[in-house]
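Next come two complexes, and both contain chain A; in the first it sits with chain B, in the second with chain C.
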Partner chain A sequence: MKNFVIVLFGLTMIHVSSTSRIEAYVKTLAMQGILLFTMVVVDNKDYFGLNFLFLVIETLVFKAIIIPWFLMKIIRKNEIFREIEPNIPAFWSIVISSLIFGFGFMLSYLSIILAQDVNPLYFGISISTMITGLFIIITRKKIITHIMGYMMLENGIFLLTLSLINEMPLIVSLGVLLDVFIGIYLFGLFFNKIQATYEKTHIDTLTYLKD
Partner chain B sequence: MIPMLFLYPVIVSLILFFINSKLINILALLGYSAIYLACTATFFFAPAEFTTYFKTDTLNIIFIAILALVFFGVAVYNIYFSYHSNEIPQRHTRYTICFLLFVCSMTGALLSTNLGLFWVFIEATTLTSAPLIFYDRTKSSLEAAWKYIFICSIGISLAFVGIILISMGSAQINSLYFADLYANSSKINLFWLKLSFPFIIIGFGTKMGIAPVHAWLPDAHSEAPSPVSAMLSGTLLNCALLGIIRIYKLIDTAGLIYYGKTLLIIMGMISLLVSAVYVVKIKNYKRMLAYSSIENMGIISIAIAIGSTGLFAAMLHTLAHSLAKASFFLTAGNILYKFKSKDINNIHGLLKNDKFSAWLWVLCFLCITGFPPFPLFLTKFLIIKQMYVSGNYVILLLFVVFLTIIMAGMSVSVFKMFFSVEHHHHKHAPDKNIYDLFAYLPQCVFIFILIVTGIYMPSFVHKLISLSSKF
Partner chain C sequence: MIQILNVLFLLAAPFLFTGIINRIKAIAAGRKGAPLLQQYYDFFRLMKKSEVISTSTSFIFKLAPAICLASTLFAGLFVPIFTHRPVLSLEGDFIIFAYLLAFGKFFSIIGSLDTASSFEGMGCSREVTFSALAEPGFFMVIASLAFLGQVTSLSSIIANSYINQELSGMIALLGAFALFILILVEGCRIPVDDPNTHLELTMIHEVMILDNSGPDLGFILYSNALKMLIFSSIITNLIIPPGLNILLSVFIFISLTGLIAVFTGIIESAIARLRMTHVPQFIFLITSVGLIVAACTILFNFGELR
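For the complex of A and B:
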């Protein structure tokens, strides 16, 4: 069951790297939130601890509902629907993201040989999710897509933390949650300012400062 | 003493939010900096501890001292800056609140004894300083703030991956306290530690501003108002540096020193190369200072990697660079206010219009490029000597060549501004008043401190630096 959920999580990333509809990105983010929630429920042994409650709030409330809702609000308000002309065609996006997943599994294979203390599937998928997130940020042109790529990167990191949830002190997870929340809030704030100032939210417009 | 440093900004921010008075804002910032300086003085005599999470030790005390000094100078300069800024009180209040919380989060980062908590505070510095960069509300400052917050967020996320990898490797220790990690470094799985260090150095390196992950730095430093630029360059970069030093020590105790050294030297050299390439044809003098910050961060990371005397030099360099760069940015603020332009070619008659700023400009330049008697001469000399002794001739050669190019590039711009001739006479000279004094006072004090440190280092400063250089 657990492995099935992780593989599904990996598939959402491949889906995202091929699509050009902005709303599909948001739906994928919500989907990832739900998958992470499932994983927390399946994986946990102590259902009454503070840590569990906190994880449920983080995944179900924040990752699956609040953040996608917030992003959707920005998108509706600014009438952005499609990622026009990404830097590379969708076909090559899929090829490259598949290669990234291959690399992730190679690294996890290496980790089995050199260090036996981690679930290789967790490690491989989370590393490749992070790299795919970065890849999306690099190849897409819309600022809103950049924010969502960043959120996917964060989801990948969250998947990695799940594998050592007993070692991470609560205060750190609390800090992470707060940072992500404020970060997204600030992103939205500045995004609206960019929209108001430049009328077009492409990174091509942000080229005033250079040497 | 430590709770005071955290409580004051939080409580005062709440009060300021409802008052909205420029005068009270200025006084609140000054008050915090004075309290900060006083608390730091007590830390020298009695190391402080607040819960298990915050503590002063021989390494972070020097960073706290730098923060206290630079912050005090900037708070004094802020009187002049606020007097001349035309912002409405609400925005000035927001600026002051962010400033207080920014310093508070840097304090948290410097004092924290836990790697995870350190990370949280470093992230907090990004969030609190992004509105400060956007202070001018221009198109370009919006762009700079966006790049800053986005690039640093990604960098910090990568640093977090590094932290997760460290805790994976240290599953037996089950603690992220630096002291526990150092004490049990032999139990850490080297595979995970090796994998984590590139993440850590890229992540915190983004915040520290070493190339090739420096992209936000020139934009943010040039667009932020000058007191903020001074704080960014003089103190924020040091916070991230402290994180890298702490992890470097872990790498060292775990026996991977050679690996750590190689990475630091590569990043440091790329930093020198990048600033040498860009500084030569630079047009914006605030960006020139930003590239100089990248250069100095590169020098510090190389010095740490060189080891032995290099460590002493690295610490002294951090101290001297912070003071010198803060005064350089504050002087740049004076010039920007007088001439309303950041373009080097638009500065005409600097010496005639503003004699003090002109001389400070040159003095800061001499200081930052390491002319004797300033301490940066001593540090660069020590680094070069250590490179020679340890037989790193290739690094030595590249180091000297890059430094010479950067010095030549900067000197062209600085002296062009200094000797520039005025084409047409300014008709209305701005009337002088008492607040203008604060535009020069902090820089003079900083340069005085630097000259004293360079000529005759007081024994307690020497002790402080040599203790911290042993980590």
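For the complex of A and C:
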């Protein structure tokens, strides 16, 4: 079950690098939240602790509902409906993300030899999710896609902690949540300011900023 | 006995498969639709017609449709149909299978290039590009399934990857997903190519057969439908567990094949044809999924998944 969920998680990343609709990104983020929630539920042994409650709130409520809803609201409010305009053709985007997946799996194969208590599939997919997230940030032009690439990177880190430690300490999940919170908060502020000043949500405007 | 049934099924069923797809599309569009057997009537009508052959063509043009059909039928003999026992089987025959299909495609391409029409040349160029992109994906999926079972013939590869435990089930499902995209690509169905279109800008496969008429056109339509049926039988046998009672196995096989046809019809009526520039990335999905399948099998065989 959990291997199946983790492979589905990998497929969502491939979907993201091949699609060109901005709403598909938000839906994929929500889907990833639900997959992480399933993984936490399947993996966990103690269903009544504070830690488990916290993980459920973090994955289901924050990652799967609140953040996608907030992003969707910003998209609707700022009327960003067009495609995501990558810097490179979409075909090369999916080729490169496949190469990244190959690289991640190679690393995870090495990790089986070196460290015995690492789950190789978790490790490979989380590494490749993180690098693909970075890749999305690099190649897409819109600010809102940058923040979504960042969220995917964050999901990859969450997955990595699941693969390294069987039970995630409360302080780690607090750290992850704080990161996400600050990212979204700053983004909301930043975004509305730019919208008020420039009427355009493109990173090209940022290169011409002056005093 | 079962081998005779296999051959009969291969000969008889292809147009029923596309007939179901067309009926589902008609129902989804609110039409009554052609009868399920309409494609057979069309085929026999084409067989009775005489053909018009362009004066600029050579013998290749007349030969190509027959070779295409023959090699597709030959490839079909390697595929297990009702049970996991095909008509022909030898070590490493999945490579023969892939290259027989490629051989048929090659002949249909040079046949249409032979007409010296630049329009058909454009269609050939697209067809070659897309099948070149689809081929590594097919090999990736089949080779990793072969690696999973440590066997090399197509039928035993398929027999070894049924849903008996979590991992092989996952691999079989992912492989089925990749092969389903391959059906849409090889059968020239909607997200890639529209079989009903006659708009010059978007035609891929239809443009290659503009000059064919009569029995030749019938052969090409037949081999195209046969190709879809072959890939759908591979998918079906990936899902059916081996060692079932023959009657039960035949029943499951036929209903699953029907389900795949219905599903293809639903996909075709639900989504629009992709823009030509977006088709390569859709086809590359097969390779990406194949990569994940390969990684899962390698991780499984070397350092068992924990």
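The rule is simple: the second predicted complex is superposed on the first by the 199 of 211 C-alpha atoms of A that agree within 3 Å, B and C clash if a C-alpha of one lies under 4 Å from a C-alpha of the other, contacts with A are read in each partner's own complex, and residues count from 1 in each chain.
The working rule: a residue touches a chain if its C-beta (ideal position, glycine included) is under 8 Å from a C-beta of that chain, and two chains touch if they have at least 3 such contacts.
These numbers were taken from a predicted model, which means no experiment stands behind them.
Per the definitions stated earlier, placing chain B and chain C onto a shared chain A by superposition produces no clash, and the two fit side by side.
Contacts of A:M1 after superposition: chain C is touched, whereas chain B is not reached.
Contacts of A:I14 after superposition: chain C is touched, whereas chain B is not reached.
Of the two partner chains placed by the overlay, neither chain B nor chain C lies in contact with A:V61.
In the superposition on chain A, A:T161 makes contact with chain B only, while chain C stays out of contact range.
Of the two partner chains placed by superposition, only chain B is touched by A:V176; chain C is not. Ranked by how many residues of chain A each touches, chain B and chain C are led by B. Taking the C-alpha centre of chain A as the vertex, the lines to the centres of chain B and chain C open to an angle of 150 degrees, rounded to the nearest 10. After overlaying the two complexes on the shared chain, residue contacts for A:I88 are found with neither chain B nor chain C. In the superposition on chain A, A:H146 contacts chain B only, with no contact to chain C. Closest approach of chain B to chain C, taken over C-alpha atoms in the A-based superposition, is 15 Å.
Across the two superposed structures, the residue set of chain A contacted by chain B and also by chain C is empty. In the complex of the two chains, the chain B residues touching chain A come out as 114, 116-117, 119-120, 123-124, 127, 130, 134, 139-140, 142-147, 149-150, 153-154, 157, 160-161, 164, 167-169, 171, 174, 176, 189, 191-192, 218-219, 222-223, 278, 281-282, 287. Residues of chain A that touch chain B in their complex: 111, 114-115, 117-118, 130, 134, 137, 143, 146, 150, 153-154, 157, 160-161, 163-164, 167-169, 171-172, 175-176, 178-179, 182-183, 186-187, 190, 193-194, 197-198, 206, 208-209, 211.
Partner chain C is touched in their complex by these residues of chain A: 1, 3-4, 7, 10-11, 14, 18, 20, 89-91, 93-95, 97-98, 101-102, 105, 108-109, 112-113, 119-121, 124.
Against chain A, the residues of chain C that register as touching in their complex are 166-167, 170, 174, 277-278, 280-282, 284-285, 287-289, 291-292, 295-296, 298-299, 302-303, 305-306.
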